[in-house]
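The following pair of complexes shares a single chain, chain A, combined with chain B in the former and chain C in the latter.
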Partner chain A sequence: MNPSIIGQMAVSGALMGLVYALIAYGFQLTYATSKSINFGQGELVMVSAFFSLTLTNLGLPYWAMVPGGLLFGALLGLVVERTGVRLALEQKSEGWILLSIILGLFFFSAAENIWGRDDRPFPTPISADPIHVFGVDVTRLELSVAVGVFAIMGLIELFKRRTLLGKAFEAVSADRDAAELMGISATRTVMLSYALSGTVAALAGILVSPITTVGPTMASALILKAFSVAVVAGLDSGFGVVLIGMALGVLESLASFYLGSGWREAPSLTLLILALAVRPTGVFGKAVIRKV
Partner chain B sequence: MKRILFLRGAELLVFAFLATIPLMVVNPYALGLLTLLAIYGILLIGLDVTVGYLGQVNLAHVAFLGLGAYTAGLVVTKLGLGLVPALAAATAVGLLLGALLALPALRLEGPQFALATLSFAALSTTALNELESLTGGAQGLSLSRPALFGTTLTPPIFFWLCLVLLALVWMVMRNLLASQWGRAFEALRDSPIATDAMGVGTYYHKVAAFSLGSGLGGLAGGLYAFNFQYLQPQSFVYELMIILLLGVVLGGRKSLWGAFVGATVVVLLPNLLSNRTLFHLFSGAGFAVALAAGLRGLVKKTTRPFQAFAPVVAMGLLAIGGFFVENTEDWRKGIFALMLFSVVVGLPEGLMGFLAIFLAKLFRVPPSPLPEPSNLEEVLPQHAQGDGPLLVLEDLKRHFGGVKAVDGLSLQVLAGTIHGLIGPNGSGKSTVVNVISGLYTPTAGRISLRGATLPQGSLTRVARAGVARTFQNLQLFSELTALENVMVALKGVYRMPLPLVLLGFARTEERRAQADALALLDLIGLKDQARTRAKDLTYGAQRFLEIARALARKPDLLILDEPAAGLAHPDVVQQIEIIKRVHARGVTIILIEHHMDVVSELCDQVTVLDGGRIIAEGAPDEVKRHPKVIEAYLGQASGPEASAAEPQPA
Partner chain C sequence: MLRQTLYGSLFLAALGLHAGDTVKLAITGPFTGGSAPMGASTRDGAKLAIAEINAAGGIQVGNKKMKIEVIERDDEAKNERGALIAQELAAMGDLSGVIGTVNTGVCMAGDKHLQEKGVTKIICPAAGSASMTQWSKAGVKDLSIFRFAAHDGIQAAMVVEEAINRHFTKVAVIFDSTNYGVSGRDDMLNQIKLQGNKLQVVAQEKFNIGDKDMTAQLLRAKAAGAQAVLIWAIGPELAAVSNGMAKIGMKAPLIGGWTLSMSNYIDNAGKNGNGTLMPQTFIEDPITPKAKAFIDGYHKTYKVDRIPSAVAAAQGYDAVLIFAAAVKQAGSTDTHKIKAALEDLKEPVKGVIATWNHPYTKWNPADVTTHEAFRREQVVMGMVQDGRVVFGNASDKARLIKEAAGTPAKPATAKPAAKAKGKTK
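The block that comes next holds the complex of A and B.
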């Protein structure tokens, strides 16, 4: 087998894997503060992408559209937190799993009816012409994905470490009750984490849409793999998602080559179930000690 | 008895009514709906096992429906076998794959479990689509309904077959859920740790429950295949899964009737969506109910504002949106979402849960009376007078990273004594208890009970070896009654093998278990509150109940982890009384306690820990005067006499 083809597939797989990692990173943000994740995150990715497309169609230039799309994602994140998560967290139940699935379904239905069921192209000023690097073709578009992913993850991490609000975020993640006693509102911090998570989802949508096109089902496969990445790496693994995301991306692009494109999803799903069996807290996750 | 007759009567009536419909109405469409109702009934009863009883969001059930359907289809088309083997194979595939998925997935809780099941469902859709040579892929698989024992299965006969199977499943599940199995399912949802510590294997029961539910999914799949006689992978996707969840949640969790009502809703939904008048009627009614219930909740202050408002907004959106939308079919998913949202937020008990409370008020059917308590001698036999050590710890260590919580502990607990274990906070008492009872695996050292090595690192195996414990932070099965809490833990009563339990042969055993549990409740003075749910008991009563539950294990050694913590004085007095009564039965007790007066009054021997090591041992009065103990509790002792006493060996 030609090594350059393998290299080519590995590189484009890894770049796609970064998108999974970005969505998985969104799960980590909310998991840190509230031990909950949004099961309808894929719909957030999709609806934000559609919204950004509408902004573009309204004549907004690309660089003005991006902040608009991100803001919309943050708003949706807040909606999910308010309607789907807060009540369940107050009742200390796991009702948020079902409720966030329900909200996702509603967003899906709304998108189907507002924007239609067809896949549509997503215009971007970034060129899709290949550049040759070490015998492998990479497009600027694909590189922009990598740049965007690392930029937002870096920014959020900086925010968490350098600003007072970010430190409140870390405090609630470490110990919710203690943080509350120190005068930090856990509810607001959870809201913040959902807003950030929504922003991250929106960026994932904006980055991936030019490559995959926009449609109601654009995120359904994406989200499954993001789940796998989050769980295999561990929901508190930090940058572990980047490594696992890229590895999974490579694995699936090889799988679709050797097994046929229908089996694309199989390796990540199998890996997820296996990882859970062997190491439920994830490869980079912390083991928990049961207390009574 | 009246209650039983009432409930059974209602069941019989409904099934008899359903069975006679094909004789009166000759409408193929209606018959099709009824058949589907029976099939979905079986499917939802299976789903309710995980969603209701285990309390986990299971997104794989639709996959078992699909796998069961394809199995039945392939058995008929490729192997040329008949209907019975096909249905048996479909059920078996559900059971087996369910167990296979459950083995890894059920070590997880909450979101991870939901994700694992979601992945499984996606994986099975991929497999059905891609294994084209077998399943026909996206083209689908056509099959015909084989005859059953020479009888051609015309639509009415096939309906009766489905109805008979539903009735059988109903009966079997009712028997199972009313038995120790059903209690164990509920117990492990409330507290998996306590379920393990009571010798009822949590993991084993979870896997069994999931596998059983999936088996029913497979059976429903088999019937589904013969009903539609054409299968496509696209039929068994996420959207159907959401509808199934809607059915279970709307009907009411943990209820066979709930599953039945849910199935009815699921079957009728498509008609509801296609008929505009029906939709307006239904959404209007839903809005009215949400409004009434919300206002009532607000006035009575039983619900939070969000719980009252959100369903009103959602149902309002549904009712008003119905007039603006061109085609309700297009908004199918959104409509499901709004309905499901309203129910999950506003009516968490579901329709049947709501109705059950209402009906109970209306008819006031008294529960069947409890039997007379057993003789305590049968439940908790008097132990022979003890001689020699019962429990021996040798150089026991447990480290957490660099923290040496227990650091080389050697200890003997004499049979028939109450052995106190005291020490300041962080001295390692709780870790010792957690290591002995199997929650933690020791880093090093040996534990033996009556000279035999005690299993390590397994709560269940330690519990079965004869050690029972209570928990400092209460770990009661909060949704179960006081009586059921004790019944879950009872040892040596449940002997009936599972198949006989399913057929309803466990009733005598159940009476015996009730009587035994009552005897233990009598011992702790809670006999009159046997039917009170554990979470509704007073704090003191909950502490007492922990002891009764542990005693149900008929333990040789009982470990009490701060049984008087947080109790008011009168309760402390009663607690001391209870522990004395237990001790009088000859049970050896390890007592961890902060109240020194409790320790002084009860203990024969006291061991004092500090920093994971023993600093003093002896009778309570000696230990209290020991300078090292005083130092550990009160800080550095000052004065010459303290330092003079220092070199005393501990």
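The block that comes next holds the complex of A and C.
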């Protein structure tokens, strides 16, 4: 088969995969500090995208809209933490599972009522015209997704490693009780992780919307893939999600090309089952030995 | 004692309803949700016609003029909602008729309740073949369900015809995995065979609702040398296909079902949608005085500068005019008499789409076209251009202007050639 076609498929798939990876990274952030996951993460992506669209429609330029959207995402993350997660964690219950799903449903209905159920275009100054690189067509829009994903993940990882607050984040991730004894507020750190996770979700929404349009159901297909990526890579794998996300995206697109579009999801789901059977902690996950 | 009074007043209330001097007409459809552009446009088009009729004093029924009273029901494009609404309407007793339904699934779920009570319904604008063929399959002898839309059979025939007329020989067939998409693919493949196998299908590709990256499917089509893409799908996925084609530099035009004229395709595809072709029963272009009055009226009444779905709005408008003509001819608000009048409408109805000359005939289970108003010649090819739908072929425009000026559309009894093509199932 023509190598340029394979190249095209791989590049398109990998770029979609980066979006999965970014959402999966949002799962990781909260899992690290609190061992909890926001099952309504997809709705955070969607509501933030709608909010950013509203900012744009109000006449804000793109570069002013992006921080506004990210801030909104962070606030939503805090709302989820306060209403859905904190009490459950204090009571050492698993209530956050149900509560985060309920919050997701609530955001979904709110979005339907506020913005309606139509899929709408998301205007962007970044051109959607293809550029030709080594026989492969990519659009600047798609490249902006890659740049955005790497930029925010890089920044957050730098923050975790280089700043005092980041060190506290790492400490709580490593051992919550020990960190508390050292005078680090675990509650504050969990709040921070949810705010970061919300920011990441908002960025995913802003980056992907110009390609996929904005609508209440825009994230439902993405979120399942993102969850698979997070699980296959391991919920504490850091940059592992990027590799797995890209691999999953490439696999999907090659599968739909060679096996037919009806088989698009099959290889990636098979891989998910295999990965879980062989490495339950994820490909890049660390097995933790607990002494009792 | 109390109970007696209650029953008594209920009885009186019921009497009061029957004694009303209005024609009760229900309008149903999805007024919210993804299909809302079609549902709301149908409703608004229909209400425009109703407002005009009422402003002129109402319909002449027997020796008095009666106004039309509208009963609106939102089925949210959900089959179960549609079934409940149909049950409610069928139980009303004094309802003269129903106009509406966008989704074929809703027709399948609800129409049986109306048919059971013999309530006259004009389906508008659901196009899926199954909503009429279900009655011929069941062998129903007396049917109170009519359709006022260009059904998928006509549309698929036109799509294939257009590809042949544009001298394409290799095409890709792309469809979504819903009932609508799959049955559209079957209709198109069937038409390719019927029209002499002049098109070679080099790729058959499918996608799911919610898919946004169509690169794989499109690359297969491109690699196979497709010169045009024949497509049957719903909603924004159509836009994803257009945008994907632009990305991989595929210049082949998109030809497909009338959903390509919906605002959520046109807006989301932007300039990549230019040149896309689809069958239309009405183009938002004031080429005749009647069309101009309708378009201006719609824009002014609903404060828009583009009708969300011009096809649905115009069909809703004409359906009301035809229904009103049937009420007048029946001289009664009784839904059974209106049905009989619809099957033998004597006076031509001057609508915004065409002049309707005897649109329906007595139901024959072996021939669904007896209850289908549209024939091939009432449908034209539309083309997307800079965010609007315009005439795809100049000859269509010229023909419509000429027809409106003098010669009316052919009566249904003349059975034009497209009739055989229309019946694909």
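Brief remarks follow.
By our rule, the second predicted complex is superposed on the first by the 277 of 292 C-alpha atoms of A that agree within 3 Å, B and C clash if a C-alpha of one lies under 4 Å from a C-alpha of the other, contacts with A are read in each partner's own complex, and residues count from 1 in each chain.
We take it that contacts are C-beta pairs under 8 Å (C-beta built on N, C-alpha and C of every residue); 3 or more make two chains touch, one makes a residue touch a chain.
Note that this is a predicted model, so its numbers are computed, not measured.
When the two complexes are overlaid on their common chain A, residue A:P61 makes contact with neither chain B nor chain C. More residues of chain A lie in touch with B than with the remaining chain of the pair chain B and chain C. Look at A:L105: by the touch rule set out above, it reaches chain B but stays clear of chain C.
In the overlay built on the shared chain, the residue A:I5 is in contact with chain C alone; chain B does not reach it.
Of the two partner chains placed by the overlay, chain B and chain C both lie in contact with A:G262. Contact with chain B, but none with chain C, is seen for A:L87 once the two complexes are overlaid on the shared chain. Using the contact criterion defined above for the overlaid structures, shared-chain residue A:G95 touches chain B, although it does not reach chain C. Using the contact criterion defined above for the overlaid structures, shared-chain residue A:G154 touches neither chain B nor chain C, since it reaches no partner.
When the shared chain is aligned, chain C comes close enough to touch A:T213, but chain B does not. Put simply, chain A uses residues 220, 260, 262 to touch chain B in one complex and chain C in the other. The touching residues of chain A, when paired with chain C in their complex, are 2, 5, 8-9, 12-13, 16, 116-121, 128-130, 137-139, 211-213, 215, 217, 220-221, 253-254, 256-257, 260-262, 264. Residues 55, 57, 101, 103-105, 107-108, 110-112, 114-116, 118-120, 122-123, 126, 129-130, 193, 238, 242, 245, 249, 304, 306-307, 310, 325, 330-338, 340-341, 344-345, 348, 400, 430, 434, 439, 471-473, 475 of chain B are the ones touching chain A in the complex. Within the complex formed with chain A, the residues of chain C that make contact are 32-34, 36-37, 177, 205-208, 210-213, 215-217, 219-220, 223, 235-236, 239-240, 243, 246-249, 264, 267-268, 270.
Those residues of chain A that touch chain B in the complex are listed here as 36-37, 39, 83, 86-87, 90, 94-95, 97-99, 101-103, 105-106, 108-110, 112-113, 220, 224, 227-228, 231, 235, 260, 262-263, 265-266, 269-270, 272-274, 276-277, 280, 289-290, 292.
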